[in-house]
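Both complexes shown next keep chain A, but they swap its partner, so chain B is in the first and chain C is in the second.
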Partner chain A sequence: MSLINAFEMKIDLRIKEDLKKFLTEERTRSKSTVQIRSAHPLDQLDINLLYKAIPRLKGIAYRVIIDPSLIAGLIVQQGSQIIDLSLSGQLKNLRASIYEIDR
Partner chain B sequence: MKSIDEYLKTIKNELKTTKMQILSQEEGVVTEVKDGVVVIEGLDKAAYGELVEFESEVKGYIIDLTEEGVGVIVLGDYLPIQVGEKAKALGRSLSLPMTEELLGRVIDPLGSPIDDGSKIKSEIFFPVEKIAPGVVAREAVLQPVQTGIKAIDSLIPIGRGQRELIIGDRGTGKTTIAIDTILNQKNENMICIYCAIGQKNSKVAATVELLKKYQAMDYTVVVSASASDSAALQYVAPYCACAIAEYFMSLGRDVLIVYDDLTKHAWAYRQISLILRRPAGREAYPGDVFYLHSRLLERACRLNEKNGGGSITALPIIETLEGDVSSYIPTNVISITDGQIVLDTDLFNSGIRPAINVGLSVSRVGGNAQTKIMKQVAGQLKLDLAQYRDMAAFSQFESELDEETKKLLNRGAKITQILKQKKNRPYGLAEEVLVIWAATKGYIDGLPLQQVDEWEEKLLEDLATRKKKLLEKVNSRKVLDAELEKEMEAAVKELDMV
Partner chain C sequence: MENLGIDVKLLLAQMLNFILFFLLVKKYIAKPFLRFIDDEKKKEKERSDAADNLQRQTAALTEEEQAFKEKTAAEVKKRLDEAKKDGKQIRADMLIATQKEVEELKAKAHLQLEQERRKMEQTMKERMVDLSMALVTRSLKDVLADENIQKKVTDKILKNVAN
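The block that comes next holds the complex of A and B.
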């Protein structure tokens, strides 16, 4: 977003063009790679299991980020699409459904 | 009762079978928070009108799609939402729970009660934004809405399924006309919905009290987004009210819906659009203000038998400035609706209440819906009034006028007097017919102008007590014939005030 804001300022036209190019490239790159947030480090076995569960991820470059706040499981993100397979996400859903019944 | 072991067994079994579903969701990041509007980056596959949930569990409604993300209006408190917060698309559009228990309730546009009643629960949900029924599902407007206001029922009749605009300056009695119409629907088999947009909470409370006092809340739902609610809620309020109307219409009922008022609705939409940086057009309204109101009012309709046969009659209200009906929003809504009731400050101040400007007011489809007997009576009324308007300018030179003109002027003055009506005092069809019939037949021509009110009151009292049969006859027969006319004549002559 900071890059988008930069366009609204008075910037040299040449730099602006370059920035725009960089931004679109950055965007397409982030869309084509898969980001996996996991509570624990993943080994090849885990990745294979993941491929088995979600076959369309095969062959796409991925990046693993360790995030202990998930408690267990992982979150797969590709572009704006998210597949939440974490314990924290499930707990959040549980809380929401309990709250709903309560009302 | 089951033993603990049995419970444990079921829990164990449950745990063995993994029911983990792999669901993909759309997620985005909040990049801007403005007055009730949030800009989110991401959400590539979200649709227009989809609901969005923030981490703080507040929900939003997508009304803008751009290259980088979406614009969302927040339905609720937007202050806890922070930049950098995640927001996920819920994959469904905004809809409200519908039940018959809505009747008598006061709710906000999201269906949460704002009276002291319980939460509204239902399995049935209706979408807030819906495409209006098409040509095939519709039918001509043929049944009347009895407003109980003499001037409207006789001169500007409204039919079930019509959209009739009520337009006028502030304080000319626009809301009064709408509320009186709701009050008169008591035994008319009609569901009423009053949608207050951007009004003072005190005014809404007073209106609800008034409806309760006349037992009108039994068949009425009040939807309110007050002036203190966010522009987002004010923007969705009429669509929510219309969704409720559609629910009752789907049950085959006739529904009357009052939008009070659409000027403030346009203001709320203008605010949202300007925050979203949409190009501003005339008076800073965005380019699609016309569509804003046309898609709302198109949802008013009369369905044919095949499609359930219900109807939605809409009475939108527009406030003008200094009687200027030709400014932007008023002309837009005038062109969308099937006619308008124009209220005039000058008439109001000179004591003609309801202050309906008969010359400017029209009803484009209501004529076919008017009751036969009213049509027969109103024909003469229209003629007399039109002639009176032509001659009114000469009334100052009364001594120099010929007999014929004097007669016309006298008749016109009496009829104008007869069309006045106290507020919150709707008339039944028979009462209206008898009063107007007597005036147009010249039975009160000899009466001094000051005594007309007294005469009318006496006539109504007489009808309500001794001549109940005549009232019933007029109400049931609905056609004026020689026999009925004789009876009416006898009733009027008996009063002997003339």
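The block that comes next holds the complex of A and C.
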């Protein structure tokens, strides 16, 4: 008996199918909705600028969450993909870059 | 003879007596005595030979003892020299090993110090960076407290991405 087989879990087929279905639906749902975290409320001009910056977001429903910790800018999340355009993100990148110097 | 007052018979008897006495003395006294003398001489010679032999043996033993003493002394001296030489070699080896160990310890301590110095520098640097970033963040938050300014910055970022 191989090691993998020894540790292989036996999952009920019905549960397995349900889980697969749930994950597929969740993936589709999260892809069909864009979550935008912003430091301030967004108006149509901001949304237009966002579409101009990331054209593939056009036509996809979005949800805005106000997050003052971003300082300025916004973070776009579609499914597992995240695009960080916030000032706090820039500061984090700067901090990481400084840490990397002289290592 | 008679006129000379010598009695021939008596003379003859005395001569006979003398011859008999001579023969008897020769046979029973002189011979054993001479044999005794010879024996004594022989014994004396044997004793003398034995004494000489003993003396020779004593001399030989003395010489042998002297030679043994000299040989022993030479052996002792040789062993002592070897021991001294070995001792010097061991001392030199120990000195070299100790020096090597000291050098290794010094190098290790130096390396450890260097590592600790670097670690301290890194920690200080990280703290400085954290502090600087905290100051910058705080300043930015203060400066960008107004929503309009935040909006301008956001628009600027989006325009930069679009371009």
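The definition used in the following text is that the second predicted complex is superposed on the first by the 75 of 103 C-alpha atoms of A that agree within 3 Å, B and C clash if a C-alpha of one lies under 4 Å from a C-alpha of the other, contacts with A are read in each partner's own complex, and residues count from 1 in each chain.
Keep this in mind: a residue touches a chain if its C-beta (ideal position, glycine included) is under 8 Å from a C-beta of that chain, and two chains touch if they have at least 3 such contacts.
Computed from a predicted structure; not experimentally measured.
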item: First (chain B), second (chain C), both or neither touched by A:K21; value: neither
item: Chain B versus chain C as contact partner of A:A53, first or second or both or neither; value: both
item: Touch count on chain A, higher of chain B and chain C; value: C
item: Touched partner set for A:I71, first chain B, second chain C, both or neither; value: second
item: First (chain B), second (chain C), both or neither touched by A:Q81; value: first
item: Which of chain B and chain C A:R29 touches, first, second, both or neither; value: neither
item: Touched partner set for A:A39, first chain B, second chain C, both or neither; value: second
item: First, second, both or neither for A:R63, with chain B first and chain C second; value: neither
item: Which superposed partner A:I98 touches (first chain B, second chain C, both, neither); value: second
item: Intersection of chain A interface sets (partners chain B, chain C); value: 53-54, 85
item: Touch list for chain B against partner chain A, complex; value: 20, 22-28, 31, 41-45, 57, 68, 88, 119
item: Complex contacts: residues of chain A adjacent to chain B; value: 1, 4, 53-54, 77, 79-85, 96, 103
item: Interfacial residue positions of chain A with respect to chain C in the complex; value: 38-41, 45-46, 49-50, 52-54, 71-74, 85, 87-88, 91, 94-95, 98-99, 102
item: Touching residues on chain C, where the partner in the complex is chain A; value: 125-126, 129-130, 133, 136-137, 140-141, 144, 147, 149-151, 153-155, 157-159, 161-162
